[in-house]
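Each of the next two complexes has chain A plus one other chain: chain B in the first, chain C in the second.
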Partner chain A sequence: MSALLQIEDLRVTFNTRYGPVTALDSVSLSVNAGETLGVVGESGCGKSITALSVMGLIPSPPGKIAGGAIRLAGEDLTQASEARMRALRGAEMAMIFQEPMTSLNPVFTVGDQIAEAIMLHQKVSADQAFRDAVALLDRVGIPSPDRRARDYPHQLSGGMRQRVMIAMAVSCRPRVLIADEPTTALDVTVQAQIFDLLNEIQRDFGAAIILITHDMGAISEMADRVAVMYAGRVIEQGRADDVLDLPQHPYTRGLISCIPALGKGEDTLREIPGVVPPLHMLGAGCAFADRCAHRAPRCDSEKPLLQAHGHHPVACHAVAEGRI
Partner chain B sequence: MTPSYLLRRLFYGLLLMLGVVVLNFLLIRLAPGDPAVVIAGEMGGADEALLAAIRADYGLDKPVLTQLGIYIGNVLQGDLGQSFFFNQPVATLIGDRIGPTILLVLCAQVISILLGVFLGVIAARKPNGVLSGFVSVFATIGYAVPVFWTGIMLIILFASVFPIFPVEGMQSVRLRDAGFMIRALDVAHHLVLPAFTLALIYLAQYARLSRASMLEVLGSDYIRTARAKGASERSVLFKHALRNASLPILTVAGLQFGNLISGALLVETVFNWPGMGRLAFDSILRRDYPTIMGVLFFASAMVVVANLLTDLSYRLADPRLRGKS
Partner chain C sequence: MTTLLDVRDLTVQFALPRQGFFGPRPMLEAVRQVSFSLEQGRALGIVGESGSGKTTTAMATIRLVEAAGGQVMFQGEDLLQLDDEAMRQRRRDVQLIFQDPYSSLNPRARVADIVREPMDLMEIGTPEERRARVTELFRLVGLRPDQLNLFPHQFSGGQRQRISIARALTTNPKLLVCDEPVSALDVAIQAQILNLLARLKAELGLSYLFISHDLGVVRHVCDDVAVMYLGKIVEMAPRDALFDAPQHPYTQALLSAAPSLARRKSRGYVRPVKISGDPPSPINPPKGCAFADRCPKAQDVCRKVQPVLEPIGPSRVACHFPG
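Right, the complex of A and B next:
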């Protein structure tokens, strides 16, 4: 049986002033019902573009899905009409965004905004939808939800707003929930609460969650499987434990060694030297080569493909050749 | 929005009106010309004794500050004085003409906002599309062209080429005694050209402003959220985006109201619309001080009221401003 959501060889291009650039290149991911897939990588690696592609929200133009397929329970979303996508968005798949401060409309009450999501997909009266919204606010742990439902976003704290976003996203019990850096803008204590909430909701609703983050701690806490992305490609993929404990790709190793550990007596924070190359300047070889300690001539001339090695697939010549 | 806030705003409004009265009075006294000579001219003769009698009669022989004091005292009692030219109370003159002016100004305001915002929203949907380009060009032309020129061009167009709209006055003489509905339709028919002439310049501004404002709002995170929950494009545009984009439009609408009234002066003159604008224009030529001051007083009152309403509606539209003062 195939996965609930299956992304196959997805290629997304953007027209820029440097000409067309490939934001996603042969990205293949899948996630099953009740499972959490973590997607990690630095800013600009294509995590959010992947999420927006699934939702059909790539700004187009300039963006375009240039190849591949996104199958939700077998249905290819890249071929779906806009009307069909509207029916799926919010109902079958929903998204929680990074910026709770700006992701809610400032001129409507939060109750109305949740009720709107309900009424877009279910035949219920406005009163019933509002009552459902209050129940959802209660479910996501907002105290005195009756009163809070009549509040405007600016009257709520960041953590509360993210809870509202989660309530809105799960209001129609979507089968796929995409959380794009849901805790980046929040305090650490609130982060843990939000992750707990996402876990609970997954247990209740059985949704598949795609958790996009650059926080390896969040991955280890939340994800069943993880995909590491770099410059628009998936470079390593596997069970979260395997990837975290036995990272193979030099980039993944770098990411994990960058996590500061308490009590180890380290004075400086570790970092991966260099920056992600701009997408319009990607050459023929491995995009990570410039920053890699294991660079060989082949790395500059040939893109490594994702292939099984050890516990899980990785895209690295050095690993494939046994140099590391 | 608390009652105390409202009261404070009203108090400031009244203070502002008082300032306007004083400034109007002093400014008009600074203008060259002697009203006594004008009045005497209307009566046909002008020897010194007559001029002195006229000055004494109208209180023009007293020091300016004394005159100001008397005038303010009268205004506070609701007496705007007697027109030199018409020899009627100024309040009566204005009362007869303020209705048509308010009708014209409000119609122009509604037309320019509704049509302008609609064009702006449509243009913002496809910022690089043909319609968007058209709106930009139209807005630039509409903004650049003087209102009297537009009026004259429309008169030429509709008087000779397409005679479907009346180009002068507010009512047809032959329909004076018809039923209310017929007369209302007749007035509406007469209103079309002056209202559109007056609306055009502001329509262009609203189109530009709402296009820019919508473009900014459409790029914001909550619009993406609305799309992510499956809202239709129309709901995204007209519900989620427009409500936010309307905030700067409201501000400008309030500020423009004063300009609209001064624009009405020109339009009323061009289309012979029996409003306050023409009264002001004629009174300035005749140095009819009390009438000019009366017209300015009412125009300022309208602007003060419009600004107050703008402020209140702003608070209604943006919940973040409620409860603050």
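Right, the complex of A and C next:
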């Protein structure tokens, strides 16, 4: 059986002043109903571009889907018309953005904004849509929802705004929910509330969730499976337990061991030297080679491909050759 | 051990807009009678959520925000009583690293000039000595001498934070205030900066007042930790006591909310301590304990009587029902 959402060999390019750069290169991911896929990596690794590609929101030009397919229940979204994408967005798949203040309209009440999303996709009256909006606000845990529905976004706290975003995203019970760093702007106690809410919603609706984050801790708490991205490629992917307990790629190992843990007070953190290379400077070899302790000549000349190794696929010459 | 910094009953107020044309200006108490002390060579972490007053506390301590009351004894001298010139001279001993390395460096200045500027302002050494010191600082924080004449935009976020640290160290300070120094950085880069801060503390005997919302980071860097909530310290303890045996329900909630690799969805992890809602507004703080409305243990007394810090083992906790 094929997955609910399947990304196959996706390639996205952007025209920049350095010429065309490849933002995503042979990215393949999949997520099933009721499952959470975590996508993790540093800034600029292509996490958000992956999400925007699925939603059909890549700014074009300068961006372009140059190859591959994105299949939602078998339908290839890269071939869908703009009208078809508009019908799917919000109804079949929805996205929660990082900064709720900039993604809500400041001049409409939050109840009206949620009602608008409902009326776009369902044949209901404005009154009914507003009543549904209030029910959704109640569902996402906003106290006195009928009063709050008449508030403007600036009257709500950051955590409440993100709840409004979630209410809007789930208003049509989408099958795929993409959360792009949904808690980065929030305090940790509020982040915990939002994570718990996403899990509850998944239990209720059976939605597939793609959680994009830079936080391995969030992955551990939320994800069933995880894909690690680096410089526009998936470099390791597997069940969350396998990747977190038995990371294979030197980058994944670095990401896990450089987190200052709550449980122990070790003296020195392992660090990954250097920084992510800019996309227009990527050479023929492995993008991580410059920062890698296991670099060999082959790493500079040939891009490693994602291959099954041990428990789960990894893209690394050193692992494939048994050097690590 | 010598006490470097001893803060007593520090209070900071901000004026709010007038209610009417002739009405009085209501005051918001952002920091409410906060006391702590910091010994030479140690790091005190201040943790709390946004709006808890952690940054304001640190800024008032080094007089970048005006305090409404209290004492800040720095090496036996009350910083709040110093006149402007005396305070200016004192600034060489207290330096600051900001959260955002993108907005805290002048984009039009070369980084060598940025790092040298504190010496120019304090008239320390000859031009030759200043140049040599800048080169030495560059090496100390892990930058190369051939990068001296570049501009800030030519550096990555982590490197910029190294430049900020070099600038802060220029005048050989005794106290370094670090205001969320790694929260704008990617995790891999965070580790580099945290290791650097740990090394500098050991090598130079620096003391840190370290502000962060990230408990993992605080556990890594700090010797003692103070947890703030709505302008007050609710728990203060040596690091291991705070993390291994948190006493205040808010500290427990913070620890259980922080994502961790030890908590797995696959093993059916469910958060043990859940708190709902947001912190109350500091404009109209509750009469009793500020955390009472979100607290799973709250009783009537919590809403009526404000708890004060009391010793429990090595910790000091402001709670009617600790543990």
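Note that the second predicted complex is superposed on the first by the 318 of 324 C-alpha atoms of A that agree within 3 Å, B and C clash if a C-alpha of one lies under 4 Å from a C-alpha of the other, contacts with A are read in each partner's own complex, and residues count from 1 in each chain.
Convention: contacts are C-beta pairs under 8 Å (C-beta built on N, C-alpha and C of every residue); 3 or more make two chains touch, one makes a residue touch a chain.
None of the values given here were measured: they were computed from a predicted structure.
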Quiz item: Overlaying on chain A: chain B and chain C, fit or clash?
Solution: fit
Quiz item: Looking at the overlay, what does A:L246 touch: chain B (first), chain C (second), both, or neither?
Solution: neither
Practice problem: State whether A:R89 touches chain B only (first), chain C only (second), both chains, or neither. | Solution: first
Quiz item: What angle, rounded to a multiple of 10°, is defined by the Cα centres of chain B, chain A and chain C, with the middle one as vertex?
Solution: 80
Exercise. Have a look at where A:V275 lands relative to chain B and chain C in the superposition and call it first, second, both or neither.
Key: second
Quiz item: Just chain B (first), just chain C (second), both, or neither: which does A:A69 touch?
Solution: neither
Practice problem: Would you check which partner chain A:A296 touches, where first means chain B only, second means chain C only, and both and neither mean what they say? | Solution: neither
Self-check item: Touched chain A residues, chain B compared with chain C
Solution: C
Exercise. In the overlay, answer first, second, both or neither for which of chain B and chain C A:A320 touches.
Key: neither
Quiz item: Touching A:L120, do we find chain B (first), chain C (second), both, or neither?
Solution: first
Self-check item: Lowest C-alpha to C-alpha distance for chain C against chain B (Å)
Solution: 9
Quiz prompt | Overlapping contact positions on chain A, where the chain C interface meets the chain B interface | solution = none
Exercise. Please name which positions on chain C make contact with chain A in the complex.
Key: 49-50, 156, 158, 186-192, 194-195, 198, 213-217, 219-220, 239-240, 243, 253-266, 269, 271, 274-278
Exercise. Can you check the complex and tell me which residues of chain B touch chain A?
Key: 220-222, 224-232, 240, 243-244, 317-320
Exercise. Would you tell me which residues of chain A are touching chain B in their complex?
Key: 55, 57, 86-91, 94-95, 97, 99, 102-109, 116-117, 120-121, 152, 154, 165, 168
Quiz item: What residues of chain A sit close enough to touch chain C in their complex?
Solution: 36, 42-43, 141, 143, 157, 159-160, 187-193, 195-196, 214-218, 220-224, 239-241, 244, 254-256, 258-263, 265-273, 275-276
